[in-house]
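Next up: some structures, all given as structure tokens.
In what comes next, subunit A is part of two complexes: it sits with subunit B in the first one and with subunit C in the second one.
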Partner chain A sequence: MYRSTGFIAFVLRRLTGVALVIYLLLHIWVIGGINSGAETFNDRMEFLGKPFFRLLEIGLLAAVVYHGVDGIRLLIGHYFQVTEYRRGLFYAVIVVSGILVIAGGVPILLFALEG
Partner chain B sequence: MATNGSVPTVTIRIQRFNPDVDKKPYLQEFQVKAPPGKTILDALHEIKEEQDGSLTFRRSCRHAICGSCAMNVNGRHMLVCDAPLREHLDRKGVLTLRPLAYLPIIKDLVVDRSSFWEQYLRVKPWLIPPENIPEKEFRMSPAEVAALRDAEHCIMCGACYSSCQIIALTKQYIGPHALLKAFLRVLDPRDSAPAERLADLDRGDGVYRCHTIFNCIDACPKNLNPTEAIETLRKLVIKRQAFEAARAERQRRLDQPIEIVGETPALSGGE
Partner chain C sequence: MRIFLMQRWSAVALLVFLTLHMVVVHYPPGHIDVDRVLERLDDPLWKAIDIAFLVAVLTHALSGAYMVITDVQRFNVYKRVFAWVGAFTGMLLFIYGTQTILAF
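The block that comes next holds the complex of A and B.
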């Protein structure tokens, strides 16, 4: 395995991508519950209203933010000659993602703790 | 790094594998002296001559130009013939040598590069000259040569190929080495089939398979930039017909004097 910042970014992008697909399936399952009536939909929403799933939303936010910001990094790489700054760009993605996840994660955490 | 008199002794861990005997590769330790200026290849020779004659590795020119001795040193690919032993020790003063990654091991540090060469031939690495070959010479401007971005300096060592994460997943991908060669031929004003070459690259296992991981740049011992070459090819693939038409126009003037805009290092007496 050839370890580099590019490799770490590649693995994180893959993992967050798979996580988002799993979330999407779960999302369709919940929203699709409306087809079976209001009761089913409400049951499923209640199931996901537990504190565990609320905390998991911070993970969802992290996956969405990282995947998106890393996508911007890739676009910059595709359109501009920035290979010289590849490591700096990766660290910038981590910093920007970290700030956004903290900014969004704290309110989610407070909401989850309120129950 | 233990010192024995004035010359320190270092530990080299080498990945060994004999397919006739071993089920899987293992690391074997050797102790060698490390005087200043001694290369890793020198150390390998010393081990083979004085400690274990069965140690197998590839080497040829010892001037970092044949590409035979590319291997993994403490997690980084490099040509061991121009790598000073002392400068590449890890924090514990140990050097770990492994063969190039993601390729079948033939024995010890020697890997099977068949897929590497098969993909290389896939891009037709030779020049396809135009029909109107000039009597005297092809003329290229300094800008046209500069556009090739030193791609002709590739020595086919396989460091980029075996650091590429996509190659780890599939050997169907052309690979950074072959794409860099394709870039060299496509951008060469003397080549007359850029559209055909670009059409061959316009596939799922061609330029679009690259995931822009940049490992090829990190691994290249000649500091070349296959990723940038791939990005250029991606742009040209889309407009290959227009590119071919411009190439045909350019080739009508291949034997004409080049119009030079601005002063170049070569004209001002070199760099």
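The block that comes next holds the complex of A and C.
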């Protein structure tokens, strides 16, 4: 059971989901800096503009993309009764997510390396 | 079942809102400052879109957190308590988030 694609997808979905909830709370706090004035907002954005955080954005992108694409897989599985293609759909999620993360991650990486 | 449906519909809404958010706000990657955000949020339509996005993301995140927590057998008996805590947290975050969007 622990090696089935369904179980791996379930664990990955839960892990990325929990990570995204934590990120969401931080994101609301960072953007909320505007309530204390433009200076606080820009300070918080500047802090997050450090190369380390920019590189972390690629991880964030990967989590968002995987969680989203896997969500589409779930919707397809639920509404179109394609249970015999479950394994294939999981691999399709990995491939599509990989392509999207590379396409979206390269510009972020280049921007991070600019310093 | 109600929470499951909330999770599903907010997920569908997020596929649209999040894609839009990423394309408009984060690409191409660059330094984000107040002026850049102000320029976009000067349009009331963008404020409305961002508030709708906030509702979808809070619904999805909190219902997801509720499901993850209540899947643990030890916490399952407190389902109702977690549902109310989630609803209350969601309201607080909605008020704070909306205040933030309107501040721009």
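Keep this in mind: the second predicted complex is superposed on the first by the 113 of 115 C-alpha atoms of A that agree within 3 Å, B and C clash if a C-alpha of one lies under 4 Å from a C-alpha of the other, contacts with A are read in each partner's own complex, and residues count from 1 in each chain.
Here, contacts are C-beta pairs under 8 Å (C-beta built on N, C-alpha and C of every residue); 3 or more make two chains touch, one makes a residue touch a chain.
Computed from a predicted model, the values in this text were never measured in an experiment.
S.K.: Regarding the shared-chain residue A:86, is it in contact with subunit B (first), subunit C (second), both, or neither?
M.R.: In the superposition, A:86 contacts subunit B only.
S.K.: Return the chain, subunit B or subunit C, that is in touch with more residues of subunit A.
M.R.: Looking at subunit B versus subunit C, the one contacting more residues of subunit A is C.
S.K.: Tell me which partner A:98 touches in the superposition: subunit B (first), subunit C (second), both or neither.
M.R.: Neither subunit B nor subunit C is touched by A:98.
S.K.: So, A:17: does it touch subunit B (first), subunit C (second), both, or neither?
M.R.: In the superposed model, A:17 contacts subunit C only, not subunit B.
S.K.: Between subunit B and subunit C, whom does A:45 touch in the aligned arrangement: first, second, both, or neither?
M.R.: Only subunit C is touched by A:45; subunit B is not.
S.K.: Of the partners subunit B and subunit C, which touch A:7 in the superposed model: first, second, both, neither?
M.R.: First partner only, subunit B.
S.K.: Scan A:111 for contacts with subunit B and subunit C and give back first, second, both or neither.
M.R.: second
S.K.: Which partner chains sit in contact with A:59 here, subunit B, subunit C, both or neither? Use first/second/both/neither.
M.R.: Touch partners of A:59: none, neither subunit B nor subunit C.
S.K.: Which parts of subunit A are touched by subunit B and by subunit C alike?
M.R.: Shared contact residues on subunit A (touching subunit B in one complex, subunit C in the other): none at all.
S.K.: Which residues of subunit C touch subunit A in the complex?
M.R.: Residue positions touching the partner: 8, 11-12, 14-15, 18, 22, 27-34, 57, 61-62, 64-65, 68, 93, 96-97, 99-100, 103-104.
S.K.: Write out the stretch or stretches of subunit A touching subunit B in their complex.
M.R.: Those residues of subunit A that touch subunit B are 1-7, 9-10, 74, 77-78, 81, 83, 86.
S.K.: For subunit A, which residues count as touching subunit C in their complex?
M.R.: Touch list, subunit A to subunit C: 14, 17-18, 20-21, 24-25, 28, 31-32, 34-35, 38, 41-42, 45, 49, 54, 57, 64, 68, 71-72, 75, 104, 107-108, 110-111.
S.K.: Looking at the complex, which residues from subunit B come into contact with subunit A?
M.R.: Residues 75, 77, 101, 162-165, 168, 211-215, 217-219, 225, 227-228, 231, 234 of subunit B touch subunit A in their complex.
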